[in-house]
Structures are given as C-alpha cells and as structure tokens.
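Below are structures written as structure tokens.
Below, subunit A partners subunit B and then partners subunit C, in two separate complexes.
Up next, the complex of A and B:
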C-alpha cells in the first residue's frame, strides 16, 4: 500500500500548482455560502438581542428604521429631535421608566450619548475604572472608545464641531473622562456617555461665562441699560467645566423644550407595554413609538431574502466550479492514461491503479474540506470583527 | 429594490458596528438604589417622613445647620443622591445645583410641579446678551412655598403620589398617612388664617425676602429687608425702617430667627413688636411641624 501512497505523493508534488488552484477554488466555493450564513445569523442574533432588550423607542416622527437603529446604535446623522418634556409625559403615564437619549454629537467619530444613569443600569453596563458621570462635563467611555482613543480616567475628550465651516458656532466642549466601562460586546463599547445636560452645553443651550456684573468685565460691556447688559463677543465663554467655573454654567429657556433624540421607555410589565404602545399609537404624528424587534425583524426579513438570493448565486457558482473540477479530474485521468498502461504492464492490480487515480481526487477534496472547515471556524469566531475592521478602516 | 439595497447596506454597516465578539455577553449590574429617600429641606423631609413612616429612611443631604437653598453637593453627596431611591425637591429653582449634577429624572420629585401657576417670579436680575444667542436673563422664583399651607398641601400630595408609585403595595397605608398629614397642614392653615385676620391693619416688616408665599397666602403684605438676626443693621437701614414706619405706628417686625439682644433692645426702644416666624427649612432638632406650631404660639403671644 505504501508504494501507492509514494507514487501518489510524487504525482501531487509534480502537479502541485494545478492541485493548489483546484483546492483553492473548491475551498472558496464550499466556504462562501456557509460564511454568509454564519455572518448573517450572528448579526441577526445580535441585532435581535439588542432590539429585544429595548422593545420600544419613542422619537420624533420620521423613519422608524432610523429611529430604532439610531437609538440602539447611535449612528444616525442629525436625528430628528423631540422636546425633553416628552420624557416627563412617559414617566407620568405610569407605564414605564423613561430614559432619555441625545446622540447628535460625536468626538472624533465616536458618538457622544447624552443620557442619565438609568441607561447604564438598564444596559447592565459596569464601570471597569473610575466612576459614573456625576457632574456636568463628566464623560464615561465605552471600552472600545477608550482603547481606540488611548484615553484613561483623568484624561479629556473633546466634542467635534458639527461643521468645520461653523466658525461662529459653539466651541467644542472639553470633557473629563471619569470612568471607563467594562466591555459589553455591544455598541455601548463604542460610545461616550455624558449627562443629557452636557449634550445641551455642547449644543450651546447652556453655557458658562465670566461674570458681567463686575469691574473686571468693563472692557467687554458694550451697553448697560438698567438691568440689561450688552456684552461684545469677547466675553470669555468656558469650553471646559471645572470645579472653579461650574457655578457659572447655566441654561436659558425652558428646560422642557430642550431637545432629545429619543426616549427608551422601560415598561414595568407586559400590560404596561401594551398600554403605553396604545397610548402613543393614538398620538402618532406628534411623536412616534416604534417596536424595535418588529423594525429589526422587518430589516432582517429583507436581509434573509437577499441572503438567500446570494446563496443561490454562490451555489450556482459552486456547481459550475464542481463541473470544472470534474472536467479537470476527467482530463487529468485522460492524461494519465499512459501512466495507467505502464502500471498495468509492470504488474499493478486494477485496485492499485484505481486507488492511485482516486487519491488525486480524494486528496484535493479532503484538503479543501479541511481548509474550508478552518475558514468556517474562523468566520464563526472572527468574521464579524474582520468585517468591522474592513468596513471601518 | 432600492429600499432593499439600502437595508442591506445598513445591515452590513450595523453588523460591523454591533459585533464585537462571538456571543452577546453582558455583565450583571447591581441596582445602585439605596434604601434612602433624600429631601432637600426640612419641610419636605417632614412631609416625606410622615408619609413614608418606617418604609424607608428619609434624610437631608447635609449634616450641618446650613441654608438648604445655598447647599452645593460635593462628589460624595452626588454619588449618594444617585443611589437614593427618590430625591424630593422643592422646585422653583430652590436647588440651584440640580442643573450641574447627573441624576436620573425618574428619581426627582418636583413637589411644586402642580404649583407652577402660583409661583412668584423674583424681580429680573441682570439681562445680558453676547454672542449669537441674543439677550437672556438670570432670574428665578421665590421658593419658600411651604409657608403657604395651601401650596404645602399640594407639595405633600405630590410626595404621597410619588411614594405610592414607588411602593404600590403600601398604597393604603400611605393614603391613610396622607390624610393625617393634610389634616395637620389644614389645621396650620386655619390657624394662620385666623391670626392673619388679627394682623389686618398692622404694618408688617419682614427681616428677609423669604415670606413671599406667606404674604400671598394669608394676605399679609409688608416690607422686606435683608437683615440677619445676629448682625446689627447699619444706621441707614434703621433709618429706612423708621421712615417706612413713620406713618404706620401699629407695626410688627417678623424675624426668621430670634435676633440678638442688641437688635431686640433697639426694636424695643423703637417700640416695635417683633415675632419670630421660622420658615424652618434648615436642619433642626425640632421637626418642621413643631416649628410651625411654635410660630403660631409666638404670633398669638405677640398679638395678645
């Protein structure tokens, strides 16, 4: 038997290029549909898990898909806003705890999420280092953001301006990193969490500036008419909230009219969820309530349909590849006709000749199956990370 | 088809964003809520204690005898506030620190939320403008709402509602205790109304501008000063008092706290009656209700 293997090995060594091409083609064709299936299923699982943990989202009228995905992943550009007063309405309904979200701003592409401590409790996010946000200007970083920006507790993160051409706009806010979250293996790892009021400061709805009612500010005063002081643009507005200037920070206008992107209602029970849904469905137009799992499932249904088309396409390519491989093997066998004749003349049995010919096919299929299995395992473990790296870099 | 393409692109993007590991994994978080309710001043602490009884500890956020409206939380205080089950606020801009700390709105009970129409706006402080946002002013509201028992009763009711929401299993007991507390406040209201009638015709002076709701609720208009009970006012201030009193010989000076001996003597020399009516917002050995009863006793004594 060893003589058969010896001859086969020599054959493979001599025809390694041809066999490598064949192995590569078969490996790819067998791996691709399974990889596609695996990635889509993993993504679907994670999307569904995130959506199921946030069954309802309330936001301004607009695309339910963008509202859901924005609230779950903080990636929507300039989301529609609704007034903060809506939060109190949800809480007053008695059906749910209401968590505000304002995810309009970012720092170097990482979303800044204005919310309150209830969000961290709701998502079961744990502090790895430092502490929770306590005062205006504090920031807690998701694990990935901290790693990517190489920031630790005590460092600073600066909000990015919405437009580089907005010279007269609000100054970026320098926020102190007071905590780093443990990895949650979710989009929260890629977010910067601040108090909702801090996002309003970023927007310029609240600010701190030098005292105008003292002698030191005389140079900045353009006009003083009774209680009315008109100052020029050189008034020193603070771009960082510190213990020294925190008292000077203040908000103007009605707190209830300040913007938020969305509200996550956390219903107390199933009945409360149904009642809250009913209440808001009656008010569609002013605000909208969306069922995240339904929205995500609709998205996934479409994705699964398209995936099926792609899998069918890959299967057809696979069939074509199999036919080509068969043709290659067939031609190979024809080319080896002289070899078979010689083997028969020197006394090789029919079984030995058959095995010698078969080993070429078997070894190609076996090696392809081996590499394909390795690739599938790698896809299950690292496929989405690689996709992430590929798409985000 | 175009929508489908958009959805696929979204999925690809979100698959990239969402997935960071082979499986969804979350760490267990312990709820940070402590078995404590924090009330920002003595009247609110009294109302909450009366309503909650032994359900939960009700504490003030500070230990010293300081003016709660001037209190500013330090980091440890903020963490304690974050861990409290409820934070009972007076609203009306009483807790100026509220805009600077990160607290879950669900825990915040604005006891004056239903008194908005009755809130008294303070005279506008400075109006100023700078930059693109234009003119804006820093002003606020008078906040000693608990000195008008009608408003105080609504504050107590707001606390009761919040407690029932937090402890629905104890609804009946809380409602029973609410009835008792509202009866106490009604009694104080009746007593103050009765005494207010006896004060008709007197010129009233107030040592501090903290009696706006007391004046409004019991129709006891008067002149407000900015006098401290342990700080002798200067001559100009005494002259202002004399000038205001000149045409009103039947007058009463209402103090936040017992003035020192020198001030008392000077008032005595001016033949000006004084009485202490404590808003009793600060931490004190006596509870707020007892302080109010003492206010009434002192008023009766001075009127007799």
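Up next, the complex of A and C:
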C-alpha cells in the first residue's frame, strides 16, 4: 500500500501545477458561500448588538435609517440637526439619561463626535492611554484612528474644513489628543471624541480671539458701544485652544439653540423606555424617535435577501466549478488510460490501479476540504475584522 | 525449466485476426529470435505467453503448470514473478524518474520489498546499460534509445525466468543495439533464463541460439491482420 502511495505522490508531484489550480478552484468555491454566510451573520450580529444596546434614538425629522446609522455608526455626511434644548427635555422627562451626539464634522475622513463622558460610559469605552476629555479642545481618539493617523497622547488632530470654497464657513480647529481608547471592535474605534462644545467651536458658533479691551488693540477697533465692540479683520482669531487662550473662547447666542445631530436616551428601565417612546411618538413632526433595533432589522432583512441572492449565485458558480472539476478528473483519467494499460500489462492488480487513480481525486478533494476548513475557521475568527479593516475604512 | 505451447488458438473478438500455434517448446538458457512480417502475430504470441491474453484453446505449460487454467490474478502474479517484459512502446510512466520506473514492477509485487539491495542491483544493471548518470532523471528527459534501455533494465530486475522482448533494440543506434542485446543474452544465458525476442533486425540474428519464423509456427487456420 505504501508503494501505491509513493507512486501517487510522484504523480501529484509531477502534475503539481494542474492539481494546485484544481485544488485552488475547489477550495474557493466551497469556501466562498460559507464565508459569505459567516460574514453576513457576524455583521448582522454586530449590527444588532449595537442597535440593541441603543434601543432608542431621538433626532430631527427625516429618514429613520439615516438617523439610526448616523447615531450608531457616525456614517452620515450632513445630518439634520435638532436644538440642544431637546437634551434637557429628555433629561427632564425622568425616563432616561440623555446623551448628546454631534457628528457633523470629521478629521481626514474620521468622524469627530461631540458628546460627553456619559457616551464613553454607556458604550463601556476604556481609556488605554492618557485621560478623558476635560476641557474645550481636548480629543480622545478611537484605537483605529490613533493607529491610522499615527497619533499619540500629546499630538494634535485638525478638523477638516467642510468646503474649501466656503470662506465664511468652518475653519480647521487644532485639537490636542489627551487620550486613546482601547479597541472596542466597533465604529467607536474609528471616531474622534470631543466635548460637544468643541464641535460648536469647529462650526464657528464659539470662538476665541485676541483681547480687544486693551491699548494694543485700539487700532483694530472700529466701533465701541458699551460691551459691544466691532473690530476690523486684522483681529487675530485662534484656531487652537490652549491653556493661554482658553479663557478668550466664548459663545454668542443661546446655548439651547445650538445644534446637535441626535440624542441617545438611555432609559432607566423597560417601563421608562415605553413611556419615553410614547411621549415622543406623540410629538412626531417636531422631532422623531426611532427604535434602532427595528430599523437595523429592516436593514438586515434587505442584507439577508441580497446575501441569499449572492449565495445562490456563488452556489451556481460552485456547481459549474464542480462540473468542470469532474470533467478535469474525467479527462485526467482518460489521459491516464495508457498508464492503466501499462500497469495492467506489467502485473498491477485492479485494486492497485484503482487506488493509484483514486488517490489523485481523493488528494485534491481532501486538500481542498482542508484548506476550505482552515479558511472558514479564519473567516469566523478574523473575517469581519479584516473586512472592516481593508474594505470599510 | 521449459515453456511449452500446445494447440494454442486465439482470436481477437473485434478483429479478423486469429492465431493458431500447434507446438512450441523453449528450453532454459535458450535465446530465441522470433521473426516475421508486421501483423503476423509475434506480439500477440508474446502476450499469450505472458498471460496478458488468454488463449481460447490450448495449453501454455511452464514447468508442467498450465498457465491458461490460472485465474487472472494468478496469471498476474506469475507475470510479475517469473516474466520480464520489454514492450515495443516501453510502457514507462512519464511522471516517474528512471529509478522509479525501473523499480515500478517491484513496487507492485506484494512479495518483493524495495530495499537498498534491490536499488543496488538496479543501479548495477542500468550502469551496465550505460545510463548510470541518468538514475534520477525524469523519464521524459531521456531519448527513445535511453528509454528502451530503462525498459530492459526493469525487465531484468526481478530475476525473471523468462524474458519476453518485443523489438528491444528498435530505437537504438547500431553500437548500443549490440551492447544491449549482448547484455540481455549474457544475463539470460548466465541465469539460465529463456529469452524470446521479437526482432525485425536480421543483422542481430547471429546473436541468438535459435531463430523462429512465426510463419513456420502457425497452422493454415491462422489469419494475419
């Protein structure tokens, strides 16, 4: 028997290129549908888990899907905004803790999320290095952002302008990195967290500039009427908040009217959740409340339908490949007709000849199954992370 | 040891060819050349003796044992143990090296162990046939003449009682032709083997003890292709 294996091994060695291509093809078509299923299921699990941990989201009227995706994944370009005063209303209802989110801005494509420390607590995000946001201009980076931008505690991150042609619009703000989060394997890893007021500074709703109530600034003052001072354009505006200029930063107008993208209400219990939902459903039109799990499940239904189509497509490709593989084996066996004839003439038994032929087929199928299993295991362990790392970032 | 054919009748089912051999006796140590025109049944006769084909009638007696009465499996065992065959088309496997092609028959034999001694013997034979440096070469890298010598080496390896050679020098140059044939004849003579060689090369006939024209063996019922 060992001699037959030896001879088979020589055959495989000699025809390694043909057999490798065949093995690769069979491995791929057996792995792809399972990988697709595994990745979709893992993604669905992650989506559901995040949505389930955020059962309700309150935002401006508009698309519930956009509001859910924005508040869960910070993946919306120009979110509708609602006034900051809404936060106090949710808190005042007594049904939930209210967490503000303002995710309109980004730094090199990474969302800047204006919020407060409650968000980090709610998401159980741990600081790996440095500290939490403490003052205006502080930033805490998600693990992936820190790695991608090669930033550490003490470095600076600059917000990206919304439009280079909008000279009256958003100016870049240089923010100090005070902390790096531990990897959470969620969209939080790709976000930059700042205080909600810092996002308003980015938007230009708050600003800091040189002191105008001194002699040195007299030349720049155009008009002075009590506390109101009108100065010319040469007044130095700060684009970075430092310990020295922090006191000069101030906001004009009513804090309650400043914008936020969404509110995450964290209900105290199931009953509070139901009451809050009822309260806001009555107010639909002014603001909207969405049940994230429901929205995500609707999205997943679509994803699963698409997945089913893809799996059917891949399965058909698999069947075609299996037919081609069978044809290749059949042709290979036909090509080996002369070899079978030779072996029979020099005295090989029918079993020996059968084994010699079968080992080629069995080896290819076995090796394909082995690699396919390895790939499936790898997909289940690392597929989703790799996909997020290489495709979604 | 003697090989005797009696009243052999064979007919290919899908061809109009039939072979009838009333009597043929070959003695141990005898070197016989079998000559005759193409399609006259020389290769068929070798295949009948080797048990690759089984006659419809008659007996093939090897030391008194009628090979035609044996099962296919038993004939196969006989073929491995007692016959060495050099085929016209060499019957070498293209994915094996010279070494593995020579040892192929031994690997298929349950009672033979492919060990160092057998390899030494194989190396000895192949070096006498002038191919010592090709031992690890793939068979596809060899010329037709070299392959023919590899086939001859394989036929001699397991110390067969009978060597059946179908045109064993057909692809060799004159010098190698005589060398290979001399080696075959000397080996068989020394080991008291029967050597039955089909050849069209009349210049080689003086090397043999006996020359048989197949036409002289056949009865009028034989019908060549």
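Everything that follows uses one rule, which is that the second predicted complex is superposed on the first by the 381 of 393 C-alpha atoms of A that agree within 3 Å, B and C clash if a C-alpha of one lies under 4 Å from a C-alpha of the other, contacts with A are read in each partner's own complex, and residues count from 1 in each chain.
Criterion: a contact is a pair of C-beta atoms (placed from the backbone, for glycine too) under 8 Å apart; a residue touches a chain by one contact, two chains touch by 3 or more.
What you are looking at is a predicted structure, and each value in this text was computed from that prediction instead of being measured.
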First, second, both or neither for A:11, with subunit B first and subunit C second: second
First, second, both or neither for A:283, with subunit B first and subunit C second: neither
Superposition-derived comparison: subunit B or subunit C, residues of subunit A touched: B
Subunit B versus subunit C as contact partner of A:183, first or second or both or neither: first
Partner chain in contact with A:269 - subunit B first, subunit C second, else both or neither: neither
First (subunit B), second (subunit C), both or neither touched by A:41: neither
First (subunit B), second (subunit C), both or neither touched by A:94: first
Partner chain(s) touched by A:49 [first = subunit B, second = subunit C, both, neither]: first
Subunit B versus subunit C as contact partner of A:349, first or second or both or neither: second
Subunit A positions touched by subunit B in one structure and by subunit C in the second: none
Residues of subunit B touching subunit A in the complex: 3-4, 7-8, 10-29, 31-32, 72, 75, 78-79, 82, 99-106, 124-133, 135-138, 165
Complex interface listing, subunit C residues touching subunit A: 50, 52, 73, 76-77, 79-80, 85, 87, 91-97, 100, 104-105, 107-109, 114, 138, 154
Residues of subunit A that touch subunit B when the two form their complex: 39, 42-43, 45-47, 49-50, 65, 69, 73, 75, 87-88, 91, 94, 97-98, 100, 116-118, 120-121, 123-126, 131-136, 138, 144, 168, 182-187, 189-190, 195, 197, 204, 206, 209, 212-213, 220, 227-233, 235, 237, 246-247, 249-253, 299-300, 302-303, 305-306, 380-381, 384-385, 387-388, 390-392
Footprint of subunit C on subunit A - complex, ascending: 3-4, 6-7, 10-11, 13-15, 339, 341-349, 352
